[in-house]
Every structure is written in structure tokens, then in C-alpha cells.
Amino acid sequence: MSRAQAGPGFRLDELARQLAVEHVGDGGVVVRQVASLGSAGPGDIAFVVDGKRRAELGRTAASAVIVPPAERDATALPRLVAANPYACYARVAALLNPPEVFAPGAHPTAVVHPSARVAASASVGPHAVVGADAELGEDVVVMAGTSVGARVRIGAGSRLHPRVVVYPGCTLGARVVVHSGAVIGADGFGMADDGGRWIKIPQIGSVVIGDDVEIGACTTIDRGSLDDTVIEDGAKLDNQIQIGHNCRIGAHTAIAGCAGLAGSVRVGRHCRIGGAAMISGHIDIADGVTISGGTVISGSIDQPGVYTGVFPARPHREWTRNAAQVGHLRELVRRVRDLEHRQAGKGE
Amino acid sequence: MSRAQAGPGFRLDELARQLAVEHVGDGGVVVRQVASLGSAGPGDIAFVVDGKRRAELGRTAASAVIVPPAERDATALPRLVAANPYACYARVAALLNPPEVFAPGAHPTAVVHPSARVAASASVGPHAVVGADAELGEDVVVMAGTSVGARVRIGAGSRLHPRVVVYPGCTLGARVVVHSGAVIGADGFGMADDGGRWIKIPQIGSVVIGDDVEIGACTTIDRGSLDDTVIEDGAKLDNQIQIGHNCRIGAHTAIAGCAGLAGSVRVGRHCRIGGAAMISGHIDIADGVTISGGTVISGSIDQPGVYTGVFPARPHREWTRNAAQVGHLRELVRRVRDLEHRQAGKGE
Amino acid sequence: MSRAQAGPGFRLDELARQLAVEHVGDGGVVVRQVASLGSAGPGDIAFVVDGKRRAELGRTAASAVIVPPAERDATALPRLVAANPYACYARVAALLNPPEVFAPGAHPTAVVHPSARVAASASVGPHAVVGADAELGEDVVVMAGTSVGARVRIGAGSRLHPRVVVYPGCTLGARVVVHSGAVIGADGFGMADDGGRWIKIPQIGSVVIGDDVEIGACTTIDRGSLDDTVIEDGAKLDNQIQIGHNCRIGAHTAIAGCAGLAGSVRVGRHCRIGGAAMISGHIDIADGVTISGGTVISGSIDQPGVYTGVFPARPHREWTRNAAQVGHLRELVRRVRDLEHRQAGKGE
């Protein structure tokens, strides 16, 4: 186990104060790290979201726990009482594990164009490149080997991990996190068929990313062909996602790894797109839609709800015997109809 | 909207001359950027491919339009008349948005091996690396942080965006574009099972890429195990595509994002492979085949046409009720056969 | 053909000695490269695994071949006789194609933190970055532009190709190979829903990779949320694979390209996961399981065997006619049951 080293920690009453939640029991207990109920030890704080894990709660060696109001008295441990214990846990974890601090200024090996406007508090790592007329806001961190193209604007507090590429002209909001290998603003896949040969269509739109967006490792977001590709505030994209040109991802939508969106897809707000889901081009997805992992979406969805299109895998022989029949389904339906007609005829 | 800034533009008659198409109306009107009919304003040129959008054509604020011969008189705007308006539009867009110009020579932070042969007009960006005996042709651009391995040859006019990796010994033709994060020539996935342990098989083939190929962001093309992996002239590969060792992609074939080809797949010329389509190993795909997005191809295809294998997603509860029956299809077919036999028996 | 250049080669009897297998015929013949039966020429060694290719074996121009004991006398060519000819071939190929040798020491453009412990025999390439307190074992090669985070430990003989990123605190065993674009240790996709907004949960676990693991180009392995993500000894991961936080991949398991594992998946030892297979979160896969390419696994598998869930693609029109019926399967089953009941009633 190479869990991140814990810092000096916080007193429980101090956590309660900072997070504006109630604490019960010894407010002076110091917690240094988050943990699961089962693995927690002294100095750790764990959580439960409801009453289902009372037995584990009774056995935990944690120094403190986070519980919902209904479980206020389910333990004698020092505790925070929060309406949303998981969200409270996330905030506690963030306080106990602050992001790494980077020294302001550009590393001597970084190549920053003289026309770039870099805030004094921003940090530019070894071998990073910042292009002409780029703007880096306060506390922005551009880590080792990341390439920030010309005219890119990055809002305050954003962090680009090592080896990210942002193509020229893209815009990132505040507090955006981009993981290594992500590529923002590469050309969309636009071309015209000219008698069997492809003519590239210059992609003259850009990518505009809102505030508080997170973009996973090796995720690619293409620039727009004419208009922009847009990722709205608070959207969260996992690793290896492909976002085609001119897509718009609504605010606070979460997309799991390996999902792919072809061009001009509009996904609403507060959607959840499962891993490896694939959405065809020019499709509209309403607000509040959940798409199951691995599902292919080839038509627009105008109602919230859960949508699915995958089959549970089976032992190979059993699967292939049944799957082969799908190719004869229409014929089977006809045979059943014939049977029904003939039976109906005899019934008279 | 952060659309690319327009340059000084072209007179319409000058565009017509350069593209060898007819112009009608005021040839002196200057167009500076392409746009859609709906968003176009003064200085913009838009296009229609047929007569379906005549109402929009009547309302557009574009300074000029591109129309097919059949729509020659459907507008009073200054216009180009082209047999293939979309291809004409692509060419106009390219003239109005020329690729960025890079200063020739190597950036002081680039590491170029003394034995590499770099054309005087080629540009090598900051922190790029060019290995021993590599060759960069005229006007080649190797952008920031890209790694060009030993003995790699890159033809005239090719452009490698930031943070591309080309492994040793690979060959790229002329006018190839490679987007950030792409990896060309990593080892194919070849190994022998030796009593439950895997022994790596050195991948001694290479990757050979023809002229006018485009390779998307984070796409990976593995080197061959014995022979080469080959991408023929004019093929276009979108982002996050995986091409296994010893594949051959035919000329002018287009592959959309997230598609995957296992080893030794041969795809014909002028094919269109949809996004997230997956092709099993050792499969041959004929010329002119279209594969729908998300489709799994597990057998060779010897006839042109469109091939599909995905199900439209449905609301979750409805889907699961029906999908579960697929596991009983063979049994259902048997039951229908029994009914038919018994009904036939009674009919006599 | 740009096949890797062959070295001075080995005498057949020397190969036999080094690999501890029998040789038959002229032990003095020198082989310089491996090849397939069909393409082999003088200086090449080819192989057969059984008697199925005797005709080709009779025609081959190879200087030597590798055969199984049962085919010991099927050729007059100088030969190695090996119980597992393919594994023997892999070992011969490795002897004939040794990995590139890198000069020890750090390139002048590399940025190695003074607190890093780098073995004298290790090589750090141009523009590579090695963070504080990182450890590189003997003969480790960190190629151009690779980023090794703080506190990362890399065991002896491991090789990181250009532009790999290893986040802080991760551990790699001995003889690990990581291909370009791979990202190890980015944050897992963990967040809490707080009234429609996502709160990031710090990912405080790490990634622990065993010995003899190979990781393909642009593959991403996320760090654990609390505990570690673990890849056990001898596992082989192809390109563009996504491994979510807290997964554990068993020893000697092979995963083909584009596969995706959501969080907390446990895959057993000696499994084979096909390309583009997708495994949902919190699933356990037993030892010795094979999953077909493109299959979605949404439930745990506790028995070894082959599991499948994909449909063979068909010509588009035929497919859509049949696929549409899947949405009515439950209704069809009901109709068949009605027919059976009514027929049974009449039979009495």
C-alpha cells in the first residue's frame, strides 16, 4: 500500500466548522486521513451513507466517522453529521489531501513565448511550452512537457498534468484539471469526398471549456469545424474519451472512460454516460439522461431516464447458439403469425 | 465563438480561377472566411449541395455562395458553380485558412542527432527529438516535444503536431498530418504462451505510411511482427484508433474515432469504418465496404456494401426484459417448430 | 519492407545450447533473422507448430527451422526440435534482435531532481524528467520526454519509451516495458454528487506494477482511490486499454487493445481479455477466463471458460430487419406460449 502520506491533520471540530456541519462527541480528536470503515485505523475518518453497515460501523477502528442525521446515534465515535455523508467525505478528503504546491514561475527549461501573459503566481514546469499570446491565470500549473498553443487562455487555478497538449486558440475556464496525454483542440474529422479522394476541411472553430471541468488521461476533444466544441461548467470526463467536433456537453454531466461522441452531439446537463458508450453524430440527448456502459446511441433521446443496449455475456457455446437465431428473428415472427392465423381459423 | 481569424481574403473571381470553377455575379466581392448559410455574414462564403435549402439560401447574409449547376439560378448572390459544392467548399476553406507557417530550422532546445538529414526548409520545434539517421524532407514540421526515432523517414510537407512519437525505422510519406499524442510504431502485441507465461516476440517489422494520410490524436499504429504495417495513400484515421501489427489499410479509406483493428487485418480501398467499430484479427475487408459505428466484425467481408451489428438502445427496463429473451432464442425456435409440426399433424 | 536489420547471427548449435533444445543436422549453419516459412531466405530461421504445413515446410528457403518432436523428421533442413516451437521461436527472435542499447547516464537536457536515486547503469533520455525521491534501478531506460513523478520506483531493467507519464508515488517492478503515450497513476474517476454538482474525491492510492509487465501505447492505469491499483507479475496489456481505479489484474493475464475496465474490477490469473471488451465496475473474474473481443461483462464470472456477447455483423438491411425484432421478443414469447396453451387445450 502506497497510500498518499497524511499531513498534520485537522481537529474534528475544526473540520465541522470549515464544512459547516455538526459534530458530536470529542471535537478535539485529530484526523489525518480518510479510509474505509474496514481498513481505518487511529487518525482515520470513515463514513456511512445509511444504516446498512451498522455492524461494520460498530467494529471500525477509525478515530471518527461521518454519518447521516438518521444515524446520528448509531455510534459512540466522534462524528460529523452531514445530510450528504459522501459529499462531506469528499470535502474532508480534499482538506486532508491538498493538491501539490508548485513554485511560481517558469522552469529554466520551459519555453514561454515573450508575448504570453503568465500570472506571477502561475507555474510552468520543465520542458513545457507556452505559445504566443497565450494567457495563464493566477495559480495555473502547467506541468512538465505540456504544450499550450498560441492564443490559448487558461483560467485561474487550472492544472495541466505532464504531457498535455492544448492546440492554439482553445479556452479553458477556472479550476480545470487536465490529465496527462489529453489532447484538446486537434482537428475534427472533417473532409469532403471528391471522386474517391478526401479533401480536408480546415477546422476553424475552437474548443471552449468551462469552469471546474476535469478531463481524464488520453481524452481527446476536437476543435469545431465552424463553431466551437463546448464543454460546460462542472462536466467531468474520464480517461480515453473521444469528443468529436462541435459537440456540446452540458453542465455537470459525467462521462465514464472510453466513451466516444461523434461530431455535433449535444448532451444535456446532469447526464451520466457510461463507460465505452458510443453516440452517433448529430444526436441530441436531453438533460438528466443516463446511458448504460457499452451502449450505442444512434437516435436522439428527448426524455430523461436510463437507456441501455447491451447484452449480458454468456458462456461462448451457449451464446453463439442463441445469437445465431437473431439473424432469423423476422422469419420466426412470420412463422408465429402463420401459426396464429391457422389456429384462429381452426378455432371457428 | 473563437473562430480562427480570417486573413485578407480572396476576390470571388480569383477563387474561381484558382479552383477552375465558374463564377456568376460580382467577381470582385471579397470573401474572407467560410461559414454555414445560417451564421454567415458579410465577407463569408457558404454552400449548398442541392435544392433542399433554398429558403435558407434566400435568407443568408453571406457575401457569396457555392452552388451545384442545378442551383445556378437559385440565388442572386455572387456565386461559384461547382459540380461538387462540398469539395469546392473544402478547397475554398483551405485557401482562406492556410496552415500555420513555421520558421525553418531547429529550435535551440531541440535535440537533433548529427547524423539526421534535415531539409533546410524543415522546422523542428522546442524540445523535439530527431534520432540518428532520420530524414526530414522539405517543409516538414516537427512540433514541440515530438519524438522522431532513429532511421525514421518523413516525406516533404508532412506535419507532426506536438507530442507525437514515431518509433525507430518507420516511414511516413509526403503531406502526412499526425496529431498530438499519436504513437506510430510501438511494438505489436505478439507473444508466445510458454506454460502459462508469456514470452515477448520481438516486433521486427515497421510501419509504412503513404502520402496524404492523416492520423488523429492518440491514435496508435503498431509496427509489424515480421512484415510491415501499411497505411496506403490518402487514408484518413480519426482519433484514438488502434491499428494492430501487420494490418494494411487501403488507399483513401476513412476510419472514424475509437475504431480498433486487431492484428493482420486487411482493409480494402475506399472503405468507411464507423466510429468504435472493432475488427478481429486476420480478417479481409473488400474494397468499398462501409461498416457502421460500433459494429464488431469477426468474419471477412468479400462484397462491398454496408455492414451493421448494433442494436438501438431502449429505455432500460424495456431493454432488459427483451434482451433476456435472446438467451432463450434457440429454445423458442424449437417451441415454434413443435407447434408447426403438431398443427401440421392436426391439419391432415 | 523495412524489417529490422539483422546482426551477425548465431550458429544453430549455439542457439540450441543457449535455449537447451536439441538440434538436428548441420549445427554450423548461421541464422541471422527469424521469418515465416513463406518469406524466409538464406540466413533465416522459420518454425512450424505441427504437421499441417508440411508442404510449405518442404518448399521453404529458410536456412533452418524449428519443429516439434513429432515433426523431427519432416524436413532435411538443419533444425531445432522444441516441445513448444512457438515459444522457442520467440526466444530465438529475442536473441537475434536484442533490445537497443542506451548509454548510461542522463542526457544534458534531462531534468533529474537531485534527490532522485538513479543507478549508474540507468539511462535518462533527452527532455525526460525524474522527480524528487524517485528511484531508477540498474539498467533502467527512461527515453526522450518521459515524465517520472516524485517518489516513483522503477525496478531493474525496465524501459519506458518516449513520452510516457508516471504520476507521483507509483511503483514499477523489474523488466517492465511501457510504450509511448501510456499514463500510469492519473486520478481515478471518483466524485460525490452534491445536489447535482460533482465534488472530486482525492485519489490517494497509487499504482503498483509487478515484474515483467508490458504496457501498450496510450494505455491508462488510474491510481487507487484509497487502496492501490495493482497489475501483477507477467501481465501483458496492449494499447489503448483503460484500467480504472482499484482494479487488480492477475499474474500472466493478457489484455488486448482498446479493452476497458471500470473501477474495482478483479481479473484472475492467466485470463485472456479480448480487444475492446468492457468490464463494468466491482466485478470479479475468476482465473483462466477468456473473454471474447467486444464483449461487455456486467456480472462476475466464477468459472474458467470462454465468455462471449457479440453479434456477427450482417448486411445492413438484413441486420436492421432482424434487430428490430429484438425489441419485441418478450411479446413474441408470450404469443408462442398462448399458441402452446391453445394447442394443448385442443389436443385433449
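Per-chain numbering from 1; labels A, B and C assigned in written order.
Operating definition for what follows: a residue touches a chain if its C-beta (ideal position, glycine included) is under 8 Å from a C-beta of that chain, and two chains touch if they have at least 3 such contacts.
All figures in this text were calculated on a predicted structure; none of them were measured in a lab.
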Exercise. Which chains are shared contacts of chain A and chain B?
Worked result: C
For this session: Taking all residue numbers used at the chain B/chain C interface, answer same if over half belong to both copies and different if under half do.
Result: different
Exercise. Taking each chain's centre as the mean position of its Cα atoms, how many Å separate chain B from chain C?
Worked result: 26
Exercise. Counting only residues that touch at least 2 other chains, which ones in chain B make the list?
Worked result: 109, 127, 145, 163, 181, 218, 240, 258, 276, 310-312, 314, 323, 326, 328-329, 332, 336, 339, 343, 346
Seminar exercise, completed: Given the complex, residues on chain B that touch chain A span 1-4, 33-36, 39, 84, 86-87, 89-91, 93-94, 96-97, 100, 107, 109, 125-127, 143-145, 161-163, 177, 179-181, 214, 216-218, 234, 236, 238-240, 252, 254, 256-258, 270, 275-276, 293-294, 310-316, 319-320, 323, 326-330, 332-333, 336, 339-340, 343, 346-347
Exercise. In the complex formed with chain B, which residues of chain A make contact?
Worked result: 109, 111, 127, 129, 145, 147, 149, 163, 165, 167-171, 181, 183, 186-187, 189, 191-202, 204-206, 208, 218, 220, 222, 226-228, 240, 242, 244, 258, 260, 262, 276, 278, 280, 291-292, 295-299, 305-312, 314, 318, 321-323, 325-326, 328-329, 332, 335-336, 339, 342-343, 346
